[in-house]
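Listed below are the structures to be examined.
Look for subunit A in each of the two complexes below; its partner is subunit B in the first and subunit C in the second.
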Partner chain A sequence: MTGWLGRLRLEKRNAPGTGVLLLVPLVSVVAALLFGAVFLSLIGLAPVAVYREMLRVSYTTGYGVADTLVSATPLILTGLAAAIAFRFKLYNIGGEGQLYVGAIAASGAALAFGDRLTGPAAILLVIVAGALGGAVWIAVPALAKAWLGTSEIITSLLLNYVALFLMQYLIFGARTFWRDPESATFPQGARIPDATRLPTLGTTRVNLGLIVAVLAAVVLYLLLTRTRIGYRWRVFGDAPAAARYAGIPSRQVIVVVLLLSGALAGLAGATEVAGRAGRLDPTGLALNIGYNGIIVAALARYNPLAVIPVGLLLGGVLNAGPALQTLPGARVPVAISTMLTGAILLFALAGELFVRYRIRMRDPADVEQLAEQATTAVASPRAATGPEAEA
Partner chain B sequence: MNETVLVLTLAAAVSAGTPLALAALGALLSERAGVLNLGIEGIMLVGAVTAFLAADASGSPLVGLAAGVLAGAAFTSIHAFLSVTMRANQIVSGLALVIFGTGIATFLGQSIEGRPLAARLPRTSIVGLADLPVLGRVLFSQDVVVYGTWVVIVLAALYLTRTRTGLALRSVGESPATADAVGIRVAAMRYAHVIIGGGFAGAGGAYVILARVPAWAQAGTTNGIGWIAIALVVFASWRPLRALAGAYLFGAALRANFALQAAGITAIPAEFLAMLPYVLTIVVLMVLSATDTRSRLGAPAALGAPFVRDER
Partner chain C sequence: MSDMSDTPDATAPPALEAVGVTKVFPGVIANAGVDLALRRGEVHALLGENGAGKSTLASILTGLYRPDAGELRMDGAPVTLKTPRDGLDRGIGMVHQHFRLVERFTVTENIALGDKRLPWRWSAAKVRTEVQQLAGRYRLPIDPDAIVGELSVGERQRVEIVKVLYRGAEVLLLDEPTAVLTPQEADALFVTMRALADDGRAVVFISHKLREVMAVSDVVTVMRDGAVVDAVRTTDTDPEALARAMVGRSVDLSTRWARAAPGEPVLKLAGLRLDAVDGRGRLEDIDLEVRAGEIVGVAGVAGNGQRELAETIAGLRRPDAGTVQVLHRDITGVRPSQARVAGLAYVPEDRLGTGLAPSLSVTENLQLTRSLPFLIDRRGGLAHATEVIERFDVRTTGPSAAVGTMSGGNAQKVLLARELDVRDGLTRAIVVAAPTRGLDVGATEFVRDLLDARRAEGCAILLISEDLDEVRALSDRIVVLSEGRIVLRRDAADAEVTELGLAMAGQAAPDDSPDEPSDEPSDNLGGPR
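After this line comes the complex of A and B, so read on.
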């Protein structure tokens, strides 16, 4: 450990400043774009031109902004689903499957009862059905986590594949209740009644789902920061031992938090069905909205309010991939969106170090002293890091 | 189900279990060093797409395999850097690897989507053993990767239990502070095993495209078997030989729908049969955690925790 590198020291921050909190995601986005540029050049495309197109189709035109808002709606909801669970160290990575089942439940309810309802009741029906569907899909991993101690990570994830097959069966596999009976050659979901569609805002394609998502974020934020329940959840997440001593029922917290998380992902499915697609649409849903919610949550550092701007940002990136396909002469792979979002998360994770730690240079005199200690204390190599090093 | 169908199904189960075994070994080595690698699915996809491109360009499946291993290892170094040096949350970092790996694989794979690979691994029967009744067809009329998997699994088992480095590795996973105190370089051990583990996961992905699936199908090429491999590590109590046995068991589950269809059972829709391996994995995990405590299962004690010398 010689030279300037040996003098670098990481010091834990008590509370990260706003500057570093904003800087890390911004630098991550820029770094990911640079990284994506390498790949674009690899397949013979001009990165600057591609990025300019991405800006145009997602952010700098009226249609683009509307499309971005439509993409951001389910993303904010799956982002909240991941944020609420991950915040308390409950790793629900089954948002994708919960979204599918939420969509199945919402479209099922709309097809079954939608004709008999009007106005707010019809819309409430789809929303509640979607949330219930998502909650049902996380129920088994949640109960297994709480009572058997089964890691929710793999169980929730594997159910994504089960949900995907379920949806494929409902639309492609057989003539089910969900399938449009009139489209024999090209299987698709049956159109849900107009009363159950989410109204659009003004003349745009942006629908009520966006308002629902933003409201959900605000309510969650208040729940976590301003209520007794939120306080207990935070104790459970940050200091499980203290939570036990304080008599906070951990099983109950696990089940409630995970069910809430699943319900939010299911709600995302409901907004896709009742907002964007108007039917159960397996191809449209397969945009990894559930997985991308985890990226949104991580970039927002699991803060429900921060999920909104991050969701809007990533909504644009995710919208750009498919949008670029509709342009004449498009050769940009759709996966550019997935690759960029993945890269953003990786860079942000690396940046976490700078959020949690301050990098300090040791005084050269201290280093020499430390080196001396290290050479004199050969028998006990740990002495070099001082007495507090006991781990 | 007649005997031929049974034998063919078992042979297919061994082949289907091979990528699972390789990927599970990769996850296992990483976890033994104390680093949880949830990125296996993404690493397998990166290994698979690289193997396709390399095998297609060179005409040799073994070049494809080597490229898959190297790509898997190189790609996993991201996770090693994030979890060891940057002390990132290993769960989120692994997930990021899955998303990023899926992105890279589908980006590079766009031009080959739906294309079959000409340079597939040929069947190499083991002279003498291949003529055994039943077993010869099930075990010894496979390809070189199947046999190679047995070798690396046995070597890994010996490495973990019979060598000094293996002992050092286990101590890094159980108690990094103790390992550090006796002079084992914790960070170097973690880097090495996470990256080598990534190489095995890359090999698993390469095998999927070189021998299992008929054509490149983007993310559907591996279709979640990377996650089953991670569950297998728990199932195998972090032991390589058990991971191999478990992989063949799950390989059988992956093939069950074809076997049932071949046996003329059509009452259950194909989509529900396809759910079987995933549901089975969930049930197995739940039964395991209900009947065994974490310590008896044998999870490395320091799994998932970054090691920082001057911090508790």
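After this line comes the complex of A and C, so read on.
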């Protein structure tokens, strides 16, 4: 009836297979790299050389891999924070702020009590303090959402700025408990006691935080898929009316899920303090790790296990940015990493279309044949009932 | 096809004709070589189960879809309809089941909306006069200045009809128009449909209600699995033959009553009151007993407190006064889970979204109202789901399929399997709301069989539905709910449609009959079965 365009159609997939679910992010990454290549060419750089360098500094050398793992650790945690909330349609945009407050709480606890503790107890202290800090920071948005129906998107987002200024004040604004009294020239955070530092793996800079993050992902996955609690959360996320009908306390779900989300983001702050920096370092923390966690979660389709590889991928891309800057002779802008992450997300979101639908070209001859089959099927005395979908 | 030579204007080509129309959707042949001739002066019923292809055909006839094969002809000449507007411009109008009106606009504004003939500054007075003329001519009483949001469902439907008439529709398609109406409103609609046909228009009545098709149509086309399986003059057929053609086998949708005298009262509502919130959701002085082994039907027009009644009983709302008892146990205002423990099952009218979580699997949905251990028994759940799918003949790709991808009938089977498949023997009272709404004849028969079986096993069942046919088909006693009050109580055997309909419309004499009949309604016991 029309040309080939008229015969192209989108068909809804009933259940997308694992193949498609894996293919879409991979294709998104490739597409983002091609997209980035256009820009690199425009500013007179050879994309292949830049990408080869990215691979080198992030994925194919020992140092590179270690750096990627260090960058990925907080990303996995903030990714989990976003995944657990977004999956149940609770949009915690405040991972950034919860990470800062987690870092403040972890460093505060380490400075206050770290001297008196040793071994696992000291490490547990910073981890728990960080998680608590993050949870406290989401508590008000969570309670307001549960009892007043306030949009958690707005409240959690705005608190990010409060947390940022709080953290900056603690180091740059006044002589506080967190500030190092020794450094007179440039204000910086006081070093936390060695006992509270996360142990590193071997001779690398990779620290215990990575293990904590991976463990958290596995525990969350099991919680969601194997337990009554996860089941109830999934019912709530899918159909709040069904949750009410089944007697699942919605307010409790909202509060617990959001607190858990905040705690995970706070944990990311704690691993940054106790693992990477060793002090409360406002500049080193304000790298959008919380916001990037949302990208990680979206690419992982809010699946906790998938957050791990996606975190590693994005960790590498982000890690490559500063490294590329130091390339001799080339002026690769540091923003290339940010642009690539953004592009990956955009392509992945576009790729959603292919997860839900498939594109098909139909041959008009097929239609005739199908019609014939249908007519004969109906004509037979006891026709098999066809699919009941009524379009 | 049977002979149609006695049509009023059989010699003239049909106003609109589908010739060999075929439409294929992924995995489904929605229409397979369908022939349909719509003649002026005729009410043409299009009968079929859900998924038989009626809606697809209607969409093709109105220009929403284009056929993959075959063609449309208007007055004998082939036409291609590109959009519904194209169809409307050529005089083909559709009244949809779900109204497409702007609630904040007046009737006149709604009717003028989208009319391209009107200039930029249109004269409301002119449209208004035309609306009044059309309304008067076809007995469609509407106030052109009323705000649509304040109109009843029946009134809104009249606005939709006037709207397509105003656009000059010569062929009118009405999609399941009686689903939302009281019997009296439906009768009034039939008068209108007849008047439209007598005026030389072609009227298509899409339905799966046999009684109405018999009452109003001149010609019936029955569809099954995307194809026309029967096309006859209404006078040459009967409901049984139509049902057989529609389902492909004979079905029993006759009225069923309890075969044994009801036992002790199981579900007891006393003085139940729910105060209105924003003028909605009122219940007043509801006294009702449902005894073991009986079905009490609650009839009423949508929005007269049915949902509130069901939710109050099920523990989803706390009443402002009164009590709910299951087997002498007070469950007033307890949590839904506790009501369940007391022996109450509840099938809500809203299947997907309330009764079922759409993107969760069959297995998971079967666990929704069960008490679960901390670690979910996945293997046991899967086995149970597999068994339910087998026993209830649920058409699905498997226990892991999301219920949201399944048809309404199959989703309802999953819901009923969970709430009514009570082999633990704990469930004694069942509240079911609109259990067969939107289901085809085959699935309806299945659901009725199931409810009948539970009644025979001694469950006390409260059946709440806006569909009077559904209430009458199963109930031993019927009460009518209007504006949150029970305004009429009748034994099913004594209940007359006219009286029930008037009560539903709020025009009944005050309820003065006693709740419980003093003696057993012995004439019920030998009811047709």
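Here is the rule we go by: the second predicted complex is superposed on the first by the 345 of 391 C-alpha atoms of A that agree within 3 Å, B and C clash if a C-alpha of one lies under 4 Å from a C-alpha of the other, contacts with A are read in each partner's own complex, and residues count from 1 in each chain.
Keep in mind that, in the parts below, a contact is a pair of C-beta atoms (placed from the backbone, for glycine too) under 8 Å apart; a residue touches a chain by one contact, two chains touch by 3 or more.
Fair warning: this is a prediction, and the values are worked out from it, not measured in the lab.
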Taking the superposition as given, does A:346 touch the first partner, subunit B, the second, subunit C, both, or neither? first
Who does A:180 touch here: subunit B (first), subunit C (second), both, or neither? neither
Using the superposition described at the top, determine whether subunit B or subunit C touches more residues of subunit A. B
Please indicate which partner A:226 is in contact with in the superposed arrangement: first for subunit B, second for subunit C, both, or neither. second
Applying the document's definition of touch, where does A:159 land relative to subunit B and subunit C: first, second, both, or neither? first
Is A:244 touching the first partner subunit B, the second partner subunit C, both, or neither of them? second
Just to be sure I read the superposition right, which of the two partners does A:235 touch: subunit B = first, subunit C = second, or both, or neither? second
After the superposition on A, what does A:39 contact: first (subunit B), second (subunit C), both or neither? first
On subunit A, which stretch or stretches are contacted by subunit B in one complex as well as by subunit C in the other? 12, 382, 385-386, 388-391
Parts of subunit C lying in touch with subunit A, wherever the complex brings them together: 22, 24-30, 32-33, 50-56, 59, 65-66, 68-69, 224-227, 229, 248-249, 314-316, 335-338, 340, 346, 348, 350, 352-360, 364, 367-369, 372-376, 378, 395, 397, 401-402, 405, 407, 409-410, 440
In their shared complex, at which residues does subunit B touch subunit A? 38, 78, 81-82, 86-89, 91-93, 95-108, 110, 177, 180-181, 183, 223-224, 227-228, 230-231, 234, 269-272, 274-275, 278-279, 281-282, 285-286, 288-290, 294, 309-312
With touch defined as at the start, can you tell me which subunit A residues reach subunit B in the complex? 12, 39, 43, 86, 91, 93, 140-141, 144, 148-151, 153-155, 157-162, 165-166, 168-169, 173-174, 288, 291-292, 294-295, 298, 333-343, 345-346, 349-350, 352-353, 356, 381-382, 385-386, 388-391
Mind listing the subunit A positions that touch subunit C in their complex? 1, 11-12, 14-15, 226-229, 231, 234-235, 238-239, 241-247, 360, 362, 364, 366-368, 370-371, 373-375, 377-379, 382-383, 385-391
